[in-house]
Amino acid sequence: MSFEWIQIPYALLTLLIVFVYGVFMTTIIRKMGARAGGRYGIRLYQTFVDLAKNYALRSHISHGIMFYLGPVFRLTGGVGLILFVPTIYGSVMHQNFAFAGDLVLALYFVFFGTLGMALGAGESGHPYSAVGITRGLSQMTAAELPFVLAVFAVSLQYQTLSITEIVAAQQGGFLSWTLFTNPIAVVAAMIGFLGTMMRSPFDVFLAPQEIPIGPPTEFHSAYLALMQTNRILFPIAKIVIYMNLFFGGATNWPVFFLKVFLIYLVSALVGVVFPRFRVEQSIRFFLIWGLPLGILSILIV
Amino acid sequence: MRDVLSPFTAWKHLFREPVTVLDPLNDRPGADRYRGFHQNDLEKCIGCGTCEVICQNAAIDMVPVSDPEDGDSGLRPMIDYGRCCWCALCVDVCMTGSLTMSNDYVWADANPDVFRFTPGVDPKPWNEEEKGYQRPGARVLASTERVHMGERTAKDRIDNFEEIVAGYTREEAMIEADRCVECGLCVATCPAHMDIPDYIKAIREQDYDKGLQLLYQTNPFSEVCGRVCTHNCETACAARHDGDPIAIRWLKRHITDEVPYERYVDLIGKPEAATGRKVAIVGSGPAGLTTAYDLARMGHKVVVYEARKSPGGMPRYGIPEYRLPYDMLDRDIDVIRAMGVEIVCNTRIGEDITMETLRADNDAVVLSIGLHLGRSTRIPGAESPDVDTAVPLLRKITDGEEVPVPEKLVVIGGGNVAMDIARSMARLQQVKHGKVGVTVTALESFDHFLADADEVRESREEGIEIFDARGPQEIVTFKSGKRKGRVKGLRTWLCDSIFDDQGRFNPHYDESDELVHPADMVIEAIGQAADVSILGKDLTEALEWTRGRIRVDVDGQTSEPWLWSAGDCVNGPDVVHAVADGHRVAQSINAMLAAKEEAAT
Amino acid sequence: MRALYDRLKDRFQLGELTRQRPDLGFVTVGRDHLRALLVELKDVEGFTHLVLFTAVDWLEDGQFQLTYLLNNRATAQDLGVRLMIPREGASMDTIHDLWPTAETYQRELYEMFGIDFPGSPRVDEDFILEGWTDLPPNRRDFDTKEYSEATFAERAGRESHDPRDHMKQKLYPDGE
Amino acid sequence: MFKIEPDRSQYPAHNPDGSCDIDLSSGKYVKIWHGPNHPGITGNMSLELTICGDEVVEGRTRVGYLHRGFEKLMERRTFIQVFPIVCRVCVPEPDLNEYCYAAAIEELAGIEVPDYANWMRTLILEMGRFNSYMMYLGGQSGSLGMGVIGQWTTYVRDLMLDRFEELTGARVYHMFILPGGVRDVLPDGFAARMEETLKTAERYLDDVDKVMFQNAVFNKRTRGVGYIDPALFDSYGVTGPTARAGGATTDVRRDAPYLKYDELDFEPVTGTDSDIWARADVRRRDTRLSIDLIRQILVKMQKPGEYFAKIPNVLHWKIPYGETYIRGESSRGEYGYYLVTDGTGYPRRINVRGPSYTHAMALLERLIVNTNISDVGALMVSLHTYPPEIER
């Protein structure tokens, strides 16, 4: 696989499309949650406005370099993930920087942002941040386990570490999707997915009612905006991986939009109607339900 | 498993119409009873300030909006919405029902000062709003009904001159005094500016000593006024707009009833040290004696000259005893005497002593001779011997002189004097003939009647017939026979208007509606005149006159620098007005004397 | 209620029983007998529920009235036990060992009335008024209006008129 | 499986008076403020928590963020002027304040309230209780991160506020129960609109049952958490639904019926487990009871009649010496007004007995020890406390 300079603007274009889509999807998911509660919800452009406002704000409060870098790392995680994952299968423009071992890199990026965030939030010195990070990291680790196991199962199944190849293997009708060829791995992965989407019942590290806001407690103004941007991009990026690994990827934008939306919806559907677990309860959940399924899926393969 | 799936039923709300309001600023009017921003009907509001008093958070200020007049202070409530808690007690307590609340509650503005405004005065979009909080039903935070005053029944009172009104008991007075909201609108209307809210408060606190002191600060005729005052105050009472006015007159009487008479003088206090100045007063009616009382308290030597047997003037000789027992009047007069005032009775100016003498012997002279001459209608037949005027008749009754008591008589007039003579004669008739035969014909219709409503009601109870809107045309006399020249009756026409377009007195009659009221006697009670013959020719010429009355300035001083005049003879018949006059004149004389003193030293 | 009173009257030298309602009475007790009375009421007579515990300031008499209102759940009756203590250096025995929740009441009374309860947990800890240095505010001699006037500014431009004075000024400015 | 018991061996020992000596510099403990600016706190109060890991070692309730000195303010106001203030002691259920105050005044002044006004008061109290429970249900689920319940109950509460608005002229502070009676009669067609509201409420409550009470995660978080030993009830002045969730049958409406409760047909709702779930469950069923009572009241209320007794002129209303205590059952427990008068036009002392006073202070401070900080919010909401009752 050769590197072409043209891939850079192509990748940026992908990024832009994903970002705009992410903004709207965030909005739509929020509106759906509002509808479930009997409200109209926010206006369609509201998320843009919030972002623009926060980016425009500057702060005089400093907690040190790492504090500032935290959101940057966090965003890097999100952007990086997008950039190294093929977004549209078979499209030269939106192939991004996919390469043979990109699956491993992707797994790394999934965790990278969280770590960066941990460092930054830790620097703020706020006890809520500390509590949130402790909880977040332990829960994230537990949630990653079934996901990683499922990924192993998939890569074993397709005998490759290239996402593109995994997607290629799933082409030819939806019955060839991993969803149907290895359902247990998908269930395990989806359990992990719920755990990383920062929604109930696995959002105890943010838990406004318990430890207000958790890690981002001290973040505000443009830093908050960076994190908001990431919160828009990152789920999409993650979902792209899921889509590619388990749901046959996407060969054009409409399919992409639809699949991403549906996968996103899973987390919203669950999140709105359940309260959150305590941190040890959620870890136990992942260990009891996610881990065995992940191991099982590998064993089956 | 059920517990895992059941929560997903929440999503059925996804495709339902949301329940929130998209545009809460415009789409959501307040409920019909909503307590929103205040409205005030400026026409109805009297500026009594009760809303300000009840506001628990001091959100209301009374600010001047128009000129004060009787029963309206001209103030209107201004509300500070930074403090208003929307409890609507101000609406509930509003004495006139003018203050209400609209159901408008949405109003945003960056300037906090606009949230302080005078409802009804400042234009607001909700000023015309019909909906909102209005006090339901009657005013409930203060009683609207006057405590019933006990009085003797018509049957008990018709054959004697004993006092009719019983007076309040302490309990009744407490309840009645409790109704007062202490707005003080009545004070301005009372000619003597008595401290009405304060003495009513003294009743509530059962501090009758203080109440009496307050009374005598402004009115030495409290016993009299507590019974027969024209009580203009009650027409200015805030309570009258939504219920009965406070029975201010009866409460005043209640204080005098409750304090033992022996303590009066002690409570009122001693006069100031003697100044050596002398003032003579002609006439011992309320005006003269009030002047005397004030001047005596200021330390001046005062002598009052009275032509009749007893002092008291009109209250004694004009008001029948069933309304004002004479010993009550005597009590007031004795208090005045106790202040050092000397009253010389049976002394007629012009005969026993002349004005010139008075002028020479005194620093000032006050003329308060009242209106003791009856006026005549001068209609045909008025010269008959069976025709008399009310005032001399009343005087004769007071003095116990013989008066003719026919079985049937007619009184011409619709004022209180007409009622007084009619009722007095009715009592005499009852004693002599065992039945009442009195007819009253008044020019005014009942809608514009001059006499008090109570008087009219009581008269009727006593069997007196009252015809309204009747213009007397002729006193019909026997043209021949044994009773030639004696009265047969009174012929009247219906009066359809009293004043012409310019507002001048010019009654218009409907000649087709004629009545003849049979009577053996006719009493004219259409007005009184002052007996100015006592002044003597020189003085009469020297004085300035206006419409038959001596012209006085605002302080009661005549065009002669040594002579003041007060009371009915300058201001028309009214006890409390006379008292007020007396105060004014006393002040003026005192100022003059003080100036004199200063000039002398 | 009357029977209860008769049972306890002599033992604890109770004052007159005020029967406010059939199910609510008030009785005065001396300081020496208070604790024994409360224990008796709680453990023997079934008045297990401490409804409230508060003070009334009788400034004119120089006394605080402490009111312990007890409720007997079984008979649905309330008995208010009144105790008068001198205002000067007011202090009273703690009852937090009988009802742990009394700790809160006693903290409040300490702060709001300045009544000390030696031995009561955290009785001198700030309850509501952090950093308060003035008189205990629920005492009658603490004037809230005076305090607020001294502490806060009035809204500028406010002026009111008394109808009576206003009319006097306008209609007869020279008096009578 | 995987039951993780915290290691409590290193916690400091408690002193006899309940306090414990914590050496913050040891680094074992962190002190955090839970509130006052905190979505998990009901109103303006805060919890000062000392935590070791995820567990609370010591908790202290801190109040004073909204102290307005109501009791003192009332002493400066005439009896009628107190009336607009009392409701402000409790935002979500202000009506009980109005009732207790009015009833205390009426008792000491010897005023007989018309029958119709008593029915009206009963109606308003039940409407207020319903509203308060609606707020609670949303708060309890919200404290565990489930916002959708709060949105529904807020809507239902809003509908009830609409009924309040058309009846009383105000939504939050109704100021409708004046000493002497009530302000007005029912508006035309009120019963029909109320029935509609109640039907909607029942529909939403069915949803709440399904989504909140038949919810695996909610059960997991609340069952067995926040247990209050029924033996402690009297020591800590525990009343109302909190006590009933532990099997006690204390309900002022039944024990000492006031207003028209003795003419209504109902049984106090009780639970058994005395944990957060039981308390939520008792309140959920009590809400249904309120709905039932409102229906009964509207049927039993006679045609509009006298609604206000004759009272003296309020501007100088004096009440002779006396003291009394009026209690009512609020949505949180026993609520009461202790009123002392001295013959003047002003109250000598008014003391408000709010259930939160006992629940949120001594009791909460005791319960909170050794709980996970994730449960602190849920625990404190489950006591259903409103801070203004603590600092009147």
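Every chain is named by a letter (A, B, C and D) in the order it is written, and numbering of its residues begins at 1.
Criterion: a contact is a pair of C-beta atoms (placed from the backbone, for glycine too) under 8 Å apart; a residue touches a chain by one contact, two chains touch by 3 or more.
Here the structure is a predicted model, which is why all the values come from computation and not from measurement.
Undergrad: I'd like the most central chain, judged by C-alpha centroids against the all-protein C-alpha centroid.
TA: Looking at where each chain's C-alpha mean falls, the closest to the middle is D.
Undergrad: So which one's got more C-beta contacts, C-D or B-C?
TA: C-D
Undergrad: At what distance in angstrom does the C-alpha mean of chain D lie from that of chain C?
TA: 23
Undergrad: Using mean CA coordinates as chain centres, what's the gap between chain A and chain C in Å?
TA: So the centroids are 60 Å from each other.
Undergrad: From the C-alpha centre of chain B to that of chain C, how far is it in Å?
TA: So the centroids are 50 Å from each other.
Undergrad: Using mean CA coordinates as chain centres, what's the gap between chain A and chain D in Å?
TA: Inter-chain centre distance comes to 42 Å.
Undergrad: What are the residue numbers in chain A that touch two or more other chains?
TA: Chain A, residues with two or more chain partners: 34, 36-39, 272-274.
Undergrad: For chain B, write out the residues touching at least two other chains, lowest number first.
TA: Each of 7, 10, 13, 19-20 in chain B touches at least two other chains.
Undergrad: Among all residues of chain C, which ones touch two or more of the remaining chains?
TA: Not one residue of chain C touches more than one other chain, so the list is empty.
Undergrad: Could you please write down every pair of chains that are in touch?
TA: A-B, A-D, B-C, B-D, C-D
Undergrad: Of all residues in chain D, which touch chain C in the complex?
TA: Per the stated touch rule, the residues are 17-19, 63-64, 67, 69, 71-73, 75-76, 107, 234-237, 239, 250, 255-256, 322-325, 327, 334, 336, 338, 340, 348-349, 351, 353, 357-358, 361-363, 366, 390-391.
Undergrad: List the residues on chain B that touch chain A in their complex, please.
TA: For chain B paired with chain A, touching residues are 7-8, 10-11, 13-16, 18-20, 22.
Undergrad: Taking the touch rule as given, give the residues of chain D at its contact with chain A in the complex, in rising order.
TA: Touching chain A from chain D are residues 1-2, 4, 30-32, 38-40, 54, 141-148, 150-152, 155, 211, 215-218, 220-221, 372-377.
Undergrad: Taking the touch rule as given, give the residues of chain C at its contact with chain D in the complex, in rising order.
TA: Checking each residue of chain C against chain D gives 18, 20-21, 23-24, 26, 48-52, 54-57, 65, 67, 69, 73, 76, 78, 80, 99-101, 103-104, 121-122, 126-130, 137-138, 140, 142, 144-145.
Undergrad: In the complex, go through chain A and note every residue touching chain D.
TA: Per the stated touch rule, the residues are 33-34, 36-39, 127-128, 130-131, 200-201, 203-204, 207-212, 272-281, 284, 287-288.
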